[in-house]
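In what comes next, chain A is part of two complexes: it sits with chain B in the first one and with chain C in the second one.
Right, the complex of A and B next:
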């Protein structure tokens, strides 16, 4: 009886795992199939072809989009880490006028749904003349309230004696932050880095609003425009373009899955 | 002390400025835009309560709200049941627990745009994977995304599939907090597996369930890329979402005042629904 229940448990888990993994495996395999074979359920293509990738690469600037996405997501992540920890350090460990107000404002901002500010932010970008610029994609994300609160929470637990003795040695506050706090904060920094990068990498609504020029599009945006514009034509080509976005993420996920799960579950971000 | 003041202001100052420009100003301006008519090209004009009046009688907006409730009525219960079931399975003595967890979480890390494109191929009527499977076991194919009755449920199932790994982690964390002594006590009392689940596990997980309900509801109101990619809001507008309508008003019709009004209304609706859900769950628990 007990044996039977174990078997049922593993059978159930296996079916669940297949449900989550099989569609991605099928997708990867479909990109190597010729058009005639595209719909088949088999995971191993009968005839292997790279035509889907050639077509996709030739029809839309996916190489350029990969560079754009990498640049935008990396810049945002670095900014959120550096500026975010400076802010969080000040909010956690320094006394300055307006600190309680800043704390309260940060929490309040997190409670406002993004849809409320979407249009005013868009009109702001238009008025700044930032449509079709990297600035539109990056600047509104330079600070992240969730990241700041997480870092602040972590920085609050670091002993005051470390700060005091560093000050005795004449260290400036930013130096204390980057040479003493940062090495102690690797877990929280990696959590912030992953969810920030993934959020920026997967974001699609904001780029759809502020970028129209194909050469400036990020991957999810170009992918969407390509699929909707009918540029893809066949299943294989459409999925091949999606692979450009998925492969780097899946590789990173295979190596850092524990960090990914901790980070994305902890922040409440769902790409 | 003076030095600390100065460093503090210098280090937090940029963030304060950022908040003013990219959070406080947009929130305030959203409330102004509600009373304006503006196409971004000509000078904005004062529109009084026109946008609000229009919204209250706008069949398309209320259709989108109704669609969202259809989505939520399937998505939220399904999300709770699947996440809870998988979390309970993962919470046992298992070989390869981290593999299972990683498998369930995989769709969470994949972009929503990719998932939408992938699933439009899975759901395709003639060549779609799901219909091929149905035909193989002797059933007739279903026009998932082109039948007004099945399109929104199909999207709801897909979103549940994409996010379930996230909620599994939340439930797993909750399960760790159920004290061993309680589990042992209820077992000694001779409770059946179902009784243990019903009278210990489920009530203990109430905070997690509230979180799952709240987050999946908010997520449902933010539905955009799925209908945008898979159906364009059709068939018969049955998958048109509020954010898709907001996006089209801003981007396709250049109606900034009206788009902002939709945004404010959506924020209010989210607030009301989430508040009502919490009250209801609180009352249900008291019974």
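Right, the complex of A and C next:
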């Protein structure tokens, strides 16, 4: 009886797992199928071909878009980590006039939906003459209220005596942040990093608004323009371009996965 | 030469004053203990010396140099924290040497000092461990080592033993005392534990509500507390207090309360008005328990004798605490007695109160007859 229940449980879980992974695997395999076979549900193609990728690469500057996306997403992620933790450190551990107001303002920012600021922000970018520049893609994302609040929450738990010790040892505040707080905050830093990177990487709407020059387009943007604009022609080519978009995020996730799980297991930082 | 000088130091947080007009001179090489309950301002004073807390007004000097506005690193002081403040991601060696590396001290000198401190504290075999792999006592030693290697002018200890269990605390207390005597570094030690204060301090400063209550050698605070707060704070078990009044009786001052009248030596009543309401304090170890009530007692005797009914006997081994209700009065007192003749619960005992051991406090809490010593 117990055995039976176990089997049923695992069967259920397996089906659930397959429903999650199958579309992804199918997509991956479809990119290697010739056009005639693209509609089949089989996971293993009869004839393996790289034609879809060749066509895609030839029709639009995906290589360049990959570089653009990597540059933009990495810069944003680093900025969010550095500026975000500096802000969070000040908000969590320094005493200054107006700190409660700053906290409240940061939380208030969370409540403003992105769509609301889209048009004012766009107008601003136009006025600055930043259309068709990296600045337009990067600058609006350098600070992130969610990241600040997450980091602040974590920083609040670090014992005061560590800061005191560091000050007695002669460290400056930035040094305390980067040599004491950062090593102790790896779990939350990785979470913020991966969310920020994924968010920046997948962003489509904003690049569509501020970048028209094909050589500056990010990967999802180019993909959208390419696939929706009919440039792809076949399903296989569309999917191949989607693969190019997804793979870097999966790789990034795998690198940070260990920290991810660690942070969920909770980290004892009591010294 | 004074090592640390406080001149009219005040500290306010918002509307509340935590340290009020603090004036003190710490002598070179002295171990000074700041003792008080929570909220007494003792830790704040220490943090102001360290530079971790700003001074609202007043001046702090270290070796006659005004350090009031200097950041911690320029003050030449080292501090040991209650929860140690060790960097969890660094080894013991890195923890010890970090402050020196940041001060650009030559490599060889750092190694020499780390080896010296580790040897002195028995940490030599633990240098490559992380704090997480150490016991509480070992972490405490690393925290002390980190202060020692800096070779500062002043050591600051902020309740360093309160995270340790009782046995370890007693051991580390002895180690800290021994270490300080060997190094002869001026030390300010903050604690809420009056046993630590009594055993460690060359001098003790008793604080309450941000004000100095009394400064003195441990034995002076014990023998001659200037007010009721100090009397109740210093000494374990704590002093008994009984409310009453002072009367003139045939030219002698007599303290009268329900169940007890006791003649008090002249010099203890100099500043008291007759019929003033007073508090009498007597330490449990100064009370003499004379067993059975069978002995006839002269109630009107100026020797000061009272009867009590035993309500609890706490046996501690060497001595025991006898709690009793004073006959004819509501007050409960405690006597500390040696074990050879213990009364039992419910027994009526006769307790002798030696007049020369009695402390008298006025309605304002000040000790009577000791005005000259009040700070």
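To be clear about the criterion, the second predicted complex is superposed on the first by the 242 of 271 C-alpha atoms of A that agree within 3 Å, B and C clash if a C-alpha of one lies under 4 Å from a C-alpha of the other, contacts with A are read in each partner's own complex, and residues count from 1 in each chain.
Keep this in mind: a contact is a pair of C-beta atoms (placed from the backbone, for glycine too) under 8 Å apart; a residue touches a chain by one contact, two chains touch by 3 or more.
Just so it is clear, the structure is predicted and the values come from calculations on it, not from any experiment.
**Q** Check whether A:159 is in contact with chain B, with chain C, with both or with neither, and answer first, second, both or neither.
**A** It touches chain C, and chain B stays clear.
**Q** Once the shared chain is lined up, is A:180 touching chain B (first), chain C (second), both, or neither of them?
**A** Touch partner of A:180: chain C, not chain B.
**Q** Per the overlay, which chain contacts more chain A residues, chain B or chain C?
**A** Result: the larger residue contact count on chain A belongs to B.
**Q** Looking at the overlay, what does A:89 touch: chain B (first), chain C (second), both, or neither?
**A** Touch status of A:89: first partner only.
**Q** Which partner does A:116 contact after superposing on A: first (chain B), second (chain C), both, neither?
**A** Touch status of A:116: first partner only.
**Q** Quick check on my understanding: which residues of chain A belong to both its chain B contact set and its chain C contact set?
**A** Chain A residues touching both partners: 268, 270-271.
**Q** Write out the stretch or stretches of chain A touching chain C in their complex.
**A** Against chain C, chain A makes touches at 159, 161-162, 164-171, 180, 183-184, 268-271.
**Q** Touching residues of chain A toward chain B in the complex: what are they?
**A** 9, 12-13, 16-17, 19-21, 23-24, 26-27, 30, 38-39, 41, 83, 86-87, 89-91, 94-99, 102, 105-106, 109, 112-124, 126, 139-140, 142-143, 145, 148, 172-174, 198, 201-202, 204-205, 208-209, 219-221, 223-224, 227-228, 235, 238-239, 242, 245-246, 249-250, 253, 257-258, 260-261, 264-265, 268, 270-271
**Q** Using the touch rule from the top, collect the residues of chain C that touch chain A in their complex.
**A** 47, 50-52, 71-73, 77-79, 81-89, 98-99, 102-103, 131-132, 139, 146
**Q** Write out the stretch or stretches of chain B touching chain A in their complex.
**A** Within the complex, chain B touches chain A at residues 1, 4-9, 11-12, 14-16, 18-19, 21-27, 29-30, 33, 38, 40, 86, 89-90, 92, 94, 98-114, 117-119, 121-122, 127-129, 132-133, 161-163, 165-166, 169-170, 215, 218-219, 221-222, 224-225, 228-229, 242-243, 246-247, 250-251, 256, 259-260, 262-264, 266-267, 270.
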